[in-house]
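Before we start, here is the structure in question, set down as C-alpha cells.
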Amino acid sequence: MLQDFCVADKTSQVLVNGFACKDPKAVSAEDFFFSGLHMAGNTSNKQGSAVTGVNVAQIAGLNTLGISLARVDYAPYGQNPPHIHPRATEILTVLEGSLYVGFVTSNPDNKLFAKVLSKGDVFVFPQGSIHFQFNYGTNSAVALAALSSMNPGVITIGNAVFGSKPAISGDILAKAFQVDKMVVDRIQAQF
Amino acid sequence: MLQDFCVADKTSQVLVNGFACKDPKAVSAEDFFFSGLHMAGNTSNKQGSAVTGVNVAQIAGLNTLGISLARVDYAPYGQNPPHIHPRATEILTVLEGSLYVGFVTSNPDNKLFAKVLSKGDVFVFPQGSIHFQFNYGTNSAVALAALSSMNPGVITIGNAVFGSKPAISGDILAKAFQVDKMVVDRIQAQF
Amino acid sequence: MLQDFCVADKTSQVLVNGFACKDPKAVSAEDFFFSGLHMAGNTSNKQGSAVTGVNVAQIAGLNTLGISLARVDYAPYGQNPPHIHPRATEILTVLEGSLYVGFVTSNPDNKLFAKVLSKGDVFVFPQGSIHFQFNYGTNSAVALAALSSMNPGVITIGNAVFGSKPAISGDILAKAFQVDKMVVDRIQAQF
Amino acid sequence: MLQDFCVADKTSQVLVNGFACKDPKAVSAEDFFFSGLHMAGNTSNKQGSAVTGVNVAQIAGLNTLGISLARVDYAPYGQNPPHIHPRATEILTVLEGSLYVGFVTSNPDNKLFAKVLSKGDVFVFPQGSIHFQFNYGTNSAVALAALSSMNPGVITIGNAVFGSKPAISGDILAKAFQVDKMVVDRIQAQF
Amino acid sequence: MLQDFCVADKTSQVLVNGFACKDPKAVSAEDFFFSGLHMAGNTSNKQGSAVTGVNVAQIAGLNTLGISLARVDYAPYGQNPPHIHPRATEILTVLEGSLYVGFVTSNPDNKLFAKVLSKGDVFVFPQGSIHFQFNYGTNSAVALAALSSMNPGVITIGNAVFGSKPAISGDILAKAFQVDKMVVDRIQAQF
Amino acid sequence: MLQDFCVADKTSQVLVNGFACKDPKAVSAEDFFFSGLHMAGNTSNKQGSAVTGVNVAQIAGLNTLGISLARVDYAPYGQNPPHIHPRATEILTVLEGSLYVGFVTSNPDNKLFAKVLSKGDVFVFPQGSIHFQFNYGTNSAVALAALSSMNPGVITIGNAVFGSKPAISGDILAKAFQVDKMVVDRIQAQF
C-alpha cells in the first residue's frame, strides 16, 4: 500500500500484479461498496452449497488492501468440499445453523483439527491448509468468511485433481490415490 | 508465516513481535475457535455502541495469520466514533439495521467517502484512514467487521487526543483545533 | 524491490500501486536528487509551522525504495499539530531550537509518551500513532524527519475530522467529542 | 531479515515464527552447510519416489533466509504425487532422466499446465498450486528442486484428504469426489 | 502474489516494479520452462568461470514468484569472484568437482565463513553478503545455485568498484584501499 | 509490526530475528530517544570520516519499525569509502559543506550515478548498491543519512574484501582484481 487507495481499473489494458489503479479523482464511495450479502445463494447443486464472493472482483476498492469476504450457504447435508486458498487465511463465522468444519496440517502429520460450530461460533483455517465445512443438520446453514487477501483464490481438491482441463493422466491419479484406474475414470467423469 | 501455524503462547515470559508459539503438539481445535459472536454487546454508553473483538487476544491460533474480526452493535442513534486501525484495512458487513458510514482521505484533500448502508451491504475502510459508522435509524443495528491484521489496534480520535494519560497540553490542542483553551478543558473533562 | 531501481514515471498514463518506472536508460543522477532542504519554510500560518516534504513526489528515484524525508520549521510557539502517518514510522532530529514532542498509544491505554528535545536530540513516532511537535520556546526551531515509506501520507486530525470535504455530520462529531453541536460548528468553520 | 543471519537455535525452549537464533559468536560455517545431496533416496515405496529435503530442518543457517532445496529421486514409473507447498514457489531442474510434470490453476478454470522435461530442463510450479512429477520412462530420474521458503511445507493431496488423523468423514469425501462411500473407505484404507 | 501467476509481458510499454503480466489466456506451459541447464558454460575468460542464469529474464513465468536459478561452471583454478546479490540469499549445490567457498559478514567483524565443498555438498550465502567460489582443483567443477528472488542482481566487486562507467575517481579508490593511485590506475585498466 | 511497539529487550536471553520486546508496562519515552547528534564525530583516521549511528543499537524503540539514522562527518578530503547497506536504502542530506557522492548499478552495466552536493541537497542510494561520499573541499562537511531498516548493516568493501578475519586467500583476490598477489598482500596489510 503506497497511497491511500488504488481502486482497481478493470478497463486498463496493462495487467499488473493485482490491478492498475483508477484515476483517484474518478473514485467514489461506490468503489468501496457491495450490496446483497443478505441474500442466500442457490444451493441446488451436487455439493449442496453456494459461495458468494466479495473480493476485488466485486469491490474494486479492495485492490492492494489485503482482505475480502465470502458468504457461504449450505443446504441440509450440503458441504463446502475440501479446498485450499493459496493466498489467504480464512476466519469463518456461523450466522445460521450448525456446521462441522476442519482443516488438515501438512506432512508428515496430516493432523485433522475439526469442530462442530453453532450460530455465533468462529473458526480459523490457516493459509494453504486443506479445509472443509459440512452442514450435518436438517436446516440450512449460513456462514460469513473473511480472507486475508483481496484475491484469495480457491482450489477445490476434487475439481483441480479430477476435473482439470486437460485431465491429469489416469495412471498418475490411480497410483497417487492407490486405486484402480477405472475408479479414477469414474471420478473424472463426474467433474 | 514460516510453519503451518504458530498458536500464541500467552504464558511465555519472552515477548516478541506478535507472540511466541505454543508447542504444536499441545495445539487443539479449541485454539482456532471462539464462541459468542451472535450475542449483542452492551450499548449503554455515551457513544451508544459496543465492539466485540475476535482477534489474537480471543483466538490464540490467529497469531501470524494476518486477519481478525469484530462484531459491532449500535443502539438507535448510536455510533462507532471516528477512529483508525493503524495496522489493518476493515471490510464491514451490515447484518441488521442501517448505518451511515464513511472514511476521510489524507492531506491535502481530506475527502470524505460516505454512504448509507442497509442489511447485506458491505463497505471498505482503507488501512490508516479515519472512519466511523453511525446508526441514524430508530432500530438497533449490527455489523460484522473483518480486519487485515491479527491485532489491528484501535485509536479512537476523541480518546487519544482528548483523553490520553497524561493529557496533551491544552495549549497544543486549543491551537490544533482553533478553539479556546476552555473548550479543550471541557472536552478533556469528558474523557 | 525487483530491480536496482524503478524511478517513478509521472507521465505514465497507467497508474499502479506506487508508480510505473521510467525507462532505465533515461535515468540520471538527477532522478535521485533534491535541492533546497537548507531553506526555511514559511511559518506564517495558524499553526506556526511549515513542512517541506522530500518524498516520491519530489525525488522520483524514491519509488519502491521505502523511505522519505521532511524538514519541519516551527515559529516560536508554533506546532506541528496532532497527525498520523498511515504508512510510516517517523524518526525526527532537532537541528535548531527546542521542541516538546509526543505520541499516544492505541486503545484502551491511550498513553502519552512525551519529551522535551534539544538540538541534536532524536525521537521516534511509531507507524500509525497520533503524534505532534510543539515549539514552546521563543526562538524558531527546525527538525529533519525521516519516514519509512516513499509516500508516508499525513492525516492531520483537525483537518480530517473537522475539515473534510464534504463535512462529517455535526451530530456525529458532537457525540464523538462529547460537546455541543454549536462547538462543532465553530470548529468546523475554522477548517 | 534484520541482521546478517539468525541461525536456528533448535534447543531454544521458546518457539517463535520460524526459530530463535543461536548466539552469533557460536555460529560457524557448518551452520550453513549440508552434505549428501549426490546420494539417491530410496524409491522402494508405493509412489516410487523419494524426497531428500534441505531446508531449515537440515541447515540451521537457512532460518529467516527464504529459500530451501529438495532432491527428488524417481524409480521407473515412479511419481511425486499431486501435492502443494503452502508457503513456496518451486523451480525444478531435471538432473537425470525424463519427467512429465504439471500444475493446475485455481477455480474456475482448473487449467493443467504440463510438459515433458529432459535432462537440463527447468520448470516452475507457482506457490500454492497442486503439482506433480511422473517418471514415465524406463530409467530412474533425478531432479533438484528449489523452493522460496526456508520451510515450504508439503501437503500431499492423497495423504491429507484420505489419510488424515483422525480421518475426514467418509460421507464428506464421498460427496466431495462424487463416489460411493465404499470407494472412499477403500482409498482411506491405503493411507 | 495477487493471482495464480503474472507471467512477465516483456513487450509491455509500461514498466513497473518487476514486469507487467501477459494476458492469462495467452499463457502456456512454455512460459514456465527453460531448457539447457545441462550444458556447460564457456569458462575461457579471465576468471575461469561462467554463470548461466535462469531468472525472470529466461523464464517469464517467474515474475512475482520470488525464486530463480543459476548454473556456474568453473575451469580448474577458476573462480566466481567476490560479489553480492543485493536482492537474494543463495543456496549452492556442488554437482561436480570441489569448491572452496565463503562469505564475509558486515562491519565491524568482517568475519569470513568458508568451507571446502565436494560433490553433493550444499552451502548458503545470506542476502547482501560478499561471497565467492574458487575451484582449487585440477578438474572442472559445476554448481547449481538457487536464489530467493526472481531477479537477484549481481554486483561483482571488481567490476563495480574498478570498472564502473564512468570510473570512480582514482583518488577515492586509492584512499579506500590504502594504495597508491598508480595501483588503482592499473586495476582500473583491467576492467 | 503486530503491536503499537516492541521495544528491544537487550537483556533477553532469547535471540530472535530483530529483538525480543520489553514488557510494554516498563516502556518510557526514553526508549524512543537519543541525544547527541549535533556533535561531530572524530575524523582523525585513514579515511577522514566518522559515522555516528542511531539505529536499534542506540534507540531500543526502533525495533520492528524499519528506519534508522546516521550522522557522517568528513574532514577536508575525507571520505566514506565504497560500501553497501545489505538491508536498507539510504537518503542523505548535506547539513554542512560539499560532497561528491555516487552509487554503482549491478552487472552488466555497472553504471555510476554521481553528483556534487551542497548544503541542503539530498541524494538517494538504492538498497544493496555500492556507494560512497567524498569531501573534495577544504572545509569539513556533515551529512545526515536516513536508512530504511532498524539495523541496516554496513559492508565496507575494503574491509570486507581485504580485511576479513580470516583473510580471503591472496590467490583469489589477485585473480578477482587482476593484480599481482604482492599487491594484494600490501593491501591486506593495511586492513
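Every chain is named by a letter (A, B, C, D, E and F) in the order it is written, and numbering of its residues begins at 1.
Keep this in mind: contacts are C-beta pairs under 8 Å (C-beta built on N, C-alpha and C of every residue); 3 or more make two chains touch, one makes a residue touch a chain.
Being a predicted model, the structure only gives us computed values, none of them experimental.
The interface holding more C-beta pairs in contact, when D-F is weighed against D-E, is D-E.
The contact pattern of E-F recurs in B-C, the pair among A-E, B-C or A-C where over half of the contact pairs coincide by residue number.
Rounded to whole angstrom units, the spacing between the C-alpha centres of chain A and chain D is 23. Centre-to-centre, using mean CA coordinates, chain B is 40 Å away from chain D. Taking the mean of the C-alpha atoms as each chain's centre, chain C and chain D sit 47 Å apart.
Chain F has residues 1, 4, 14, 16, 18, 86-87, 102, 106, 114, 127, 129, 153 in contact with two or more other chains. Partner chain F is touched in their complex by these residues of chain D: 1-4, 6, 9, 12, 14, 16, 18, 20-23, 63-64.
Residue ranges of chain C in contact with chain B, taken from their complex: 46-48, 79, 81-82, 84, 86-87, 100, 102, 104, 106-107, 109-112, 114, 127-130, 132, 134, 153-169, 171-173, 175-179, 183, 186-187, 190-191. Taken in their complex, chain D has these residues touching chain B: 14-18, 86-87, 149-151, 153. The part of chain F that touches chain C in the complex is made up of residues 1, 4-5, 27-30, 32-39, 54, 59, 61-62, 65-69, 88-91, 93, 95, 102, 105-106, 113-115, 117-127, 129, 144, 146-148.
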